[in-house]
Amino acid sequence: MTTLGAVDAALVSDSPPTPLLEVRGLTTVVDGDGWSAAAVDDVSFSIGRGQIIGVVGESGSGKSLTALSILGLVAPPIAVTGGSILFEGRELVGLREREMRRIRGAEISMIFQEPTTSMDAAFTIGDQLVETIRAHRPVDRRGAEALATQMLDRVGIASAARRLRAYPHEFSGGMRQRVMIAMALLLHPKLLLADEPTTALDVTTQAQILELIGELRTDLGLSVLLISHDLGVVLDIADRVVVMYAGRVVEETPSASVAGSPSHPYTQGLLASKLSLRHRDRPVTVIDGQVPSLRHRPPACRFEPRCPNRLPKCGESEPELADVPGAERLLRCYNPSPWIEP
Amino acid sequence: MTRDVTPAASEAVLTAQVLDATRRGPWRILKSRSATIGTVLVSVFVGLGVIGILLLLVPGLDATWKAQDLGNALQGPLSPGSPLGTDPNGRDLVARSVVAIGVSCVVAIAVTILSLVIGVVAGLVAGYYRGRIDTLIAGLIDVTWGFPIILLAIMFAGMMRPGFTSIILAVALLSWAGIARIIRGYALSLREREFVAAARALGIPGWRIIVTHLLPNVTAPILVLASYYIAVTIVIEAGLSFLGLGIQQPVPSLGQMLAEGRNFLRLSAWQTALPGGLLVMAVLGFNLLGDGLRDLLDPRLSRPQS
Amino acid sequence: MTRFVIRRLAYMAVIMVIASIIVFVSLRITPGDSTNFVITPVSSPERFEELRRELGLDRPLLEQYAKFVGRLMAGDLGKSDISHREVIEIVASGLPYTVALALAAAVLVYGLGIPLGVTAALRRNRWPDQLVTGLAVVGLGIPNFVLAILLIMIFGITLMILPVSGAAGFQNLILPAVVLAVEPLAITIRVVRSAVLDQLGQDYVRTLAAKGLTRGRIIWLHVLRNSLGPVISLAAVQFRSLLGYTLIVEVIFRWPGLGTQLVDAVLKRDYVVAQVLALLLTLVVIVVNTFADIAYAFADPKVRVRVASA
């Protein structure tokens, strides 16, 4: 297992990586009573092997739905209406359900925000772990339990073998999230989608979970799509950051750049707000206004009503997501200004 | 056959909306289609019932439904001289049906009033005073509530002669519990309201508070419950009479007619179709009326289960 | 919680005693020729006194009552005046039929109710749901004896494919079981549907899908297991009403169970049988009710809290 990870790590550093996952123009539409809106609107990004991509945005930005769309976990009235999702060169959009099922849990896994309610309280974690394995591989129960114990051990659960008999409610929040991670990685998927994995946890546990994810990336060659509304969490372990707002990608850049010089006014606002929390004597910096609801989006640039840099043309037409020359960055803005550390 | 009412109802707190609805007057009931149908059916049945009771009680009129004419038995509807046909003994079915409706209605209404009186008093007293008397009454309610009425009615029919008395006793003795349960719930929440605290502070005695403050506030559920329980009682009485343990001959009852007709099923389906249909309509009418009243006054209540 | 249980058990004992007293008293004052509990007409006043002493009827009522209870518990339930059969034999002959009927109905209620409820929840608001829910509404609206007659007419007389009385063979069980099952089935469908819908909205379902489990396994193993709570509480409650229904259905179809025995006894004025049987059934109901209440309180956490604070 570890040797494989080392080999993949070598691949990462040598050649331009063939993206593990390539999302192009993904559009996911929500159908309401007489209206419909794209909660994920023409979103593109890619994830390489062993990379951690962070997706940041407030609630309502469409980031969770992006992840759900990748795994085909959307049901009417929500549906993926356009774009392509290439996983190892294979098109996932429109894939038959039976094929999709084989990928879920085995090639691409997902963990969610609330470890408490995300597991079936009526079954032991051993049952649920074994179930995952046996859904994809012809392993007998004992073999599956051995694999499960090994993975639980790996994620830091003490007395793993005994704990197989325990029920979800017998674990603390942080431990439960570790169990979820174990369950997601049992079959050594290549990609892990983590939807707000630390949001429901306290700060110390947050750090532990993030550290765990980082380790697993190195050891297993795992790629991670880390979704969070908390810029700090993302900057902690992500290689690149994708900033989403109201269904659109507004900035994409390596995380070092975000921390050092964010360009998009929205990203700047997020960072300023995060940093201001450090100073207890000053009021917290916030971004005025609220994320627009699905039905009432500004016609041009969606951030315009709240933007400190807005120009008249921002209200007339929406900027395109474009390469910023000289920097490894994509930006959707007519009027970015340089970042000034507050 | 008392039905269970959802626990949510007994914990309900009366809202301003409920009080407001009662103020807006009885015409609002027409807004609900089921309530309108229910009201119409109930009015028809009660009307017919009154006529039926007259036929039953006024001496001299009993020939209409008693007169037998064996040569003319088992006629179908629209026969000459008998618009609804005749029964196995040649008795005119129009008259018999009307009297039967009257009997069913009277029994159902009488029993329901009796159960309501006992149930409301018990519920209000238990809910308002709490303490030992509440423990006692609540305990009684718990034990009585689930008991199958049919069984008790049969027992009573076994111990005394079957008839009006045994039915009324058996049903009232058990139905009050379901009603008391709900009313107690209302009382429990009402007593926390300000106007009750104010009245108590003024030194007004408990029984007076119950009568002047609590009682008017439970008229809504009482009306709804009345409709439902009348429906349930009609079914119970019909069931008992069907078994032969209810209203005895020659006084007709829908259940009884059903039983008679049952023996002649091969010859004529009409003999059972008529009382069966009337029965279903009567029950439906009261249930719909109850639904309509409930939607209008307090949607948290639900139909009792038999 | 324990206080609640003890209280309910205490009430149960009290009610059982009251019921037995009522029956005891009514047996003493019943008219009729019962040689079991009341004295028969005799030739002379001296013989009368003799018999009184022999039968222990001159002892205080309390002692007689104690003897009565003693005899009941020893299994001596008396003898029928009319047929001279031992009551206990009557019970033994009727019990298996009643149990068979109840079991058949239960199989229908849960064997059909759970799958139909799940289907209605899965195809919510589409035609299967509307059909099933509509049937449930109808099922609740018709009194069961009316339904019984309707079915007798259709299946027994017009179509002639099912027998409508007696217990000659397995087919005889079908119509009575169906009639008995209709109302509990309608309610079960609604409860299952609502419980499943509840579960489908829970987070863990999404996780199970993300693990790559098949829809079948998610629904029929996980969701169903979590939906059964309310169904079990409901079953406890439905148990109570079952007895009343069974009596009527047995009589309509002349199914030789305890219900028919009881009603026959009442109609024939066979007081001993009628009242002892009624007492037995009453005791069974009381016991079942009490345990159903206790089970319900355990199962439903909301009730448990309310009860504990009462």
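For the reader, a short list of remarks on this structure follows.
The letters A, B and C name the chains in turn, as written, and every chain counts its residues from 1.
As a convention for this text, contacts are C-beta pairs under 8 Å (C-beta built on N, C-alpha and C of every residue); 3 or more make two chains touch, one makes a residue touch a chain.
Predicted model, so just to flag it, every value in this text is computed and none were measured.
Of the two chain pairs considered here, B-C and A-C, the higher C-beta contact count falls to B-C.
Taking the mean of all protein C-alpha atoms as the reference point, the chain centroid lying nearest to it belongs to C. Between the CA-based centres of chain A and chain B the separation comes to 61 Å, rounded to the whole angstrom. Centroids built from CA atoms put chain C at 23 Å from chain B. Chain C has its Cα centroid 56 Å from the Cα centroid of chain A. Those residues of chain B that touch chain C in the complex are listed here as 1, 3-4, 7, 11, 138-139, 142-143, 146-152, 154-155, 157-159, 162, 235, 238-239, 242-245, 255, 258, 261-262, 265-266, 269, 272, 276, 279-280, 283-284, 287, 303, 305-306. By the touch rule above, chain C contacts chain B in their complex via residues 7-8, 11-12, 15, 23, 26, 30, 140-143, 145-146, 149-150, 152-153, 156-157, 183, 187, 237, 240-241, 243-245, 247-248, 251-252, 262-263, 265-267, 271, 274-275, 278, 281-282, 285-286, 289, 292-293, 302-303, 306, 310.
Put simply, chain C touches chain A in their complex at residues 202-204, 206-214, 217, 222, 225-226. Residues 71, 73, 101-106, 109-110, 112, 114, 117-123, 131-132, 135-136, 180, 183 of chain A are the ones touching chain C in the complex.
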